[in-house]
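The two complexes that follow have chain A in common; it is paired with chain B in the first and with chain C in the second.
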Partner chain A sequence: MDLLLQQLYNGVLIGSTYALVALGFTLVLGTLDLLNFAHGETIMLAAYAGLMALLASGGSVPLALAAAVATGALLGLAVYLGSFRYVSKKYWTAPALSTVGIALILQTGATRFWGTEQRAVPDPLGDTYLQLGPITVGLSHLLILGVTVALMVGLHLLLQRTRLGKAMRAVAENHVTAALLGVPVERTIAFTFLISGVLAGAAGALTSLVYHTITPFIGLNILLKGMTGMVIGGLGNVYGAMFGGVLVGILEVLAVGYLTSSYQDVLVFAALIGVLMFKPAGFFGIQVRDRA
Partner chain B sequence: MKVFAAAIGVLIAALPGLASAQAQEIKIGVIYTVDGVWGSYGKKGFQGVRAAADDVNARGGVNGMKIKLVEYDNRANPGELPNIVRQLATVDNVLAIIGPNTSGEAEVVFPIANQLKIPVLGTSVAKGGIMTKNRPWAFRNVMPDDQNTGPVIAQVVKEKNIKKVAVIMDVKDPVSKYMGSFFWPGLFDKAGVDNLTKNDPVTFQSGDPSVAAQVSKLKSLNPDAVVLAASPGDAAKIAIEIRRQGMTQQLLGSGALVGDEFLKSGGKAVEGAITAAQFWRENPDPKAHAYLTALQKRTGEPPVLHDAYAYDAVLAMAEVMQKSGVTGKHADLAKDRERIRDALDGIKVVGASGAWSLDPKTGEVLRPMLKATISGGQWHLTPISTPQ
Partner chain C sequence: MFSVFVDSVIIGAGINVLLALGLYFTLATGQFSVGHGGFMAIGAYAAAVLTVNFGWALVPAVLCGAAAAFVVGALIGLPVLRFSHLYLAMATFGFGEIVRAVFSITDSVGGVGGMRGMMGTTAPMVLVFVAIAIAFSWLHARSRWGLACDAIRQDEDAAAAMGIDVRLNKVLAFGLGAALTGIGGGLYAHHFFFIEPPTFGLQMSVAIILFVIFGGIETFWGAVLGAIVLSLLPDLFRFLKDWYLFVYGTLFVVLMIFRPQGVIDRRLLRALRRQ
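== the complex of A and B ==
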């Protein structure tokens, strides 16, 4: 029982970072109905930016987080400009494939600049941990969970209580109608990418703290887990993304803890297939929209 | 007109000389990868072979012929290896191949080299049992983990009074999987140590972002020591998580962990870790010391196993080529390769990695065995035996 509680805690911790990934991903999907495959590499580069800031500042976690978030936001905007704004919308595959190209460029650039080896991420809070009954809770874990919850609440408030959030929801509903009603569609989309980048940046900084190391190859794995969380939660639904991300983390950890690591992806993707078969809109999805 | 004719004459007269000068090159193929989890090995490998080739050439080459390295990077993709080996053997016409740098890759390269009858000398290929399937053309100058790590860790277990251990292994990497599934269980059975993960192994896959779940499982077993069957980077990551979850147990590992990556990535978490080792940077042998100094001068970094062994691989090749009288001529290619193969059997070398020899029957290397302990942020090596 003690082990199960610890494993569930591990799952929530990892899952919370997947939830951030899924959130950033689902924002773009909800707004544009297109996938941003460069999201994983945005997270990876933001993680490196966070690490560089951490090393340069002698271990300042807030500075590392700020550097990662700023990098994520800039890359989010760059992806928008490079793959969506000026790429023909005539063929819906073109922007998505363009993001694949950007992802490859970012990954190759990172391997050339930082090398392919794992880089250790020093954890300034790593020596401090609390024993809450059977669960060992690190101080950095509390930071990760705190930042994740704060970002989720912030996103909820942004979407529900601000003009920008209203505009984002309007654009997600229908571009043309939103434009007719005076919503600056392109600017709203640009902001959506920016916010998605902020979430990617935070995910990058936090995942590197959870995983202790980063490599230029973490992007794809994180992207796949985030995508799975998004689909399980419900495409384009931010609350679904939060739920789905955490669920993926828990499934992954339970597979490792009670089966073997080889089954972690099997269990996660079996859950994905199961959801697609029996609840195709995901747990929080309302309906599956037909593409026009 | 006369001057022009004379110039033409001189050029014509010089042509055979130019042609023969071109033939005065001895080509050695090199296969390493600088990508993937073992990429750091390949980078050092390339540095080592280049430094050695430069040094040998500066000393006059091999019987007056310069060594030319024909290098390939398979970018951590084993699928590229068959073509690379064939290219080296049949198009580039190299006399021998040095590399690759992982056992998984050697399992692709060695059989093809054997089939094409070209000598191949692996430098960071530590998985046990590889050589028996790939003789007589395959060799390696790294001691397999089972021959090096076994005696060292058996001694450590006794000294530290370790009664129960838990092993965590990377099931995606062939060496780590072999070590975790066969080598470590066999060693602990023999040493009378209770292997808590024998029937329920704790596994991860290289590239897994988090190892928290695995470490929680290890913690629940409460072993005296945790054995890390993983690449240096992953092993460091596991060590950090082990300490973060409040575990203070002894960390043990194979010689694969010795190097800067485990030390630097692991930081405080790997303090006190003990592994076996076979490369000794502070080797007091004057000849080895001179080579290590030369290597460090060329690479600008303190040598590690992977550049030192790669350096020695070129030295060994140069020595056997010199002694066996290879011609480097295309017409003698098959004969030259046989000469190199025969001369590598039983060769004795003192190089950057100290004194070593190749067993003529098995193609395996014989080296001193060392215990490596991390203390004060440094590796400290102690010899426990010398080769028979």
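== the complex of A and C ==
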């Protein structure tokens, strides 16, 4: 029982970073119907930027987070300019493939710059652990959970309480009507990419803390987990993504704990297909919009 | 037939043409698959088990691999094809990853360690397969069946109203595409002597997509040309060394801005024919 509780806790911890990945991905998908395949590499590069800032500043966590978030935001804008702004929307495959191109550019750039070998990520908060009943909690875990929850609450407030959030929801509903009603559509779209990049940046810094190592090749795997979480929660649904990401983390940790670790991926992706078959709108999808 | 180098270039490009045509048939009915690496894996493993464990000759083994991919493709197609674009992309992506994960935990085919001992793919053999596939695509494009696929791609509801069996055509197209990709997989396994599950992961599926999109999704010639050009690029741009993928990525970003429909479209084909 104690082991199960600890496993569940670890699952929530990993899952909360997946939830951030899913959030950033689903924000762009929900607003623009765009699969942003560069999202994983944005996370990877932000993780490296965070690590560099951490090493350069001698272990300053706020600086590392800021560097990662700034890198993510810049790359989000770069994806907007490279893959969306000037790409014809007549072919829905074109912007998505363009993001694959950007992913290749970012990954190759990272391998050229930092090499292909693993980099250790030091834990700036040290080996301080708290014992909460049966569960062992690291100080860095509290940081991860704290930042994740803060970002989720922030995103919720942004979407529901601000003009920008209202504009983003309007654009997601219908570009043309939003434009007719005076919403500055292009600027709103640019902001959507920016915010998605900020979430990716934070996700990068936090996942590198969870795993203690980074390589230039982590982007794809993290993105896969995030996408799965997003589908489970319902495509384009922000609150579903939070739930789905955490669920993927728990599934993964339980698979490692009670089966063998090689079943981890089978279980996660079987959940993905199962949800698509039987509940295609995800757990939180209210209606399935036909995106033909 | 030729020098070893030329042979291996022909085999590599030919296999890629088969993979690309496989995806083209799926795309021809408006279905987008991000899981064709999975069908390639099924073709590759099925053919490899038949030649290595049962001592079959290569060609029948490859054809059986294609049949296996067809069956799986049609079975997957039945429930999955009712999804619209984004959902289908996610579902096929999940399928590809599951195939990869299942082969990784199946110890009888080597598991994560991969499988070896396959051989025998020759350039003439690949060329014959490619010629048959192209001839088939050419006939398909001119047949009522091809016309039906085209109609479904452009407007499913209108096609159904014209009396076209949308479901049957989509499932057939999906299975057929899977079979072609499976042939490519079988030949691939027996050319490289060694296969492991990660070979057929998302990267392979995306590579196949890039072949088709680069060439153009409106005609099968686009898939053929895209596969050939992108197969030759690594040899032509050898001087770029480690920066190769960087340039490859840039190429795609620029291409999507200036020619989102791919290099070859129907207008270009018509213009070529008039000359």
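The working rule: the second predicted complex is superposed on the first by the 291 of 292 C-alpha atoms of A that agree within 3 Å, B and C clash if a C-alpha of one lies under 4 Å from a C-alpha of the other, contacts with A are read in each partner's own complex, and residues count from 1 in each chain.
In this text, a residue touches a chain if its C-beta (ideal position, glycine included) is under 8 Å from a C-beta of that chain, and two chains touch if they have at least 3 such contacts.
None of these values were measured; they are calculated from a predicted model.
Undergrad: Is A:Thr207 contacted by the first partner chain B, the second partner chain C, both or neither?
TA: first
Undergrad: With the two structures laid over each other on chain A, which partner does A:Gln6 touch: chain B (first), chain C (second), both, or neither?
TA: First partner only, chain B.
Undergrad: Would you check which partner chain A:Ile14 touches, where first means chain B only, second means chain C only, and both and neither mean what they say?
TA: After superposing on A, A:Ile14 lies in contact with chain B but is clear of chain C.
Undergrad: Once the structures are superposed on A, label A:Ala64 by its partner contacts, choosing first (chain B), second (chain C), both or neither.
TA: neither
Undergrad: Between chain B and chain C, whom does A:Leu199 touch in the aligned arrangement: first, second, both, or neither?
TA: The answer is neither, since A:Leu199 touches no partner chain.
Undergrad: Quick check on the superposed pair: does A:Thr111 touch chain B, chain C, both, or neither? Answer first, second, both or neither.
TA: both
Undergrad: Between chain B (first) and chain C (second), which, if any, makes contact with A:Met242: first, second, both or neither?
TA: In the superposition, A:Met242 touches no partner, neither chain B nor chain C.
Undergrad: Please work out whether A:Ala120 is in contact with chain B alone, chain C alone, both, or neither, and reply first, second, both or neither.
TA: first
Undergrad: Which of the two partners, first being chain B and second being chain C, lies in contact with A:Met152: first, second, both, or neither?
TA: In the superposition, A:Met152 touches no partner, neither chain B nor chain C.
Undergrad: State which residues of chain A lie in both footprints, the one left by chain B and the one left by chain C.
TA: The answer is residues 111, 262 of chain A.
Undergrad: Please name which positions on chain B make contact with chain A in the complex.
TA: 34-37, 39-40, 43, 76, 171, 201, 203-205, 207-210, 212-214, 216-217, 219-220, 233-234, 236-237, 240-241, 243-246, 261, 264-267
Undergrad: Report the residues of chain C in contact with chain A in the complex, numbered from low to high.
TA: Result: residues 32, 79-80, 83-87, 89-91, 93-95, 97-98, 100-102, 104-105, 111-112, 156, 202-203, 206, 209-210, 213, 217, 242-246, 248-253, 256-257, 260-261 of chain C touch chain A.
Undergrad: Which residues of chain A touch chain B once you look at their complex with the stated criterion?
TA: Listed in rising order, the residues are 2-3, 6-7, 10-11, 13-14, 111, 115-120, 122-123, 126, 129, 131, 136, 138, 207, 210-213, 215, 217-218, 221-222, 252-254, 256-257, 260-262, 264.
Undergrad: Residue numbers of chain A touching chain C in their complex, please.
TA: 29, 33, 35, 37, 82-83, 86-88, 90-95, 97-98, 100-105, 107-109, 111-112, 220, 224, 227-228, 231, 235, 262-263, 265-266, 269-270, 272-273, 276-277, 280, 290-292
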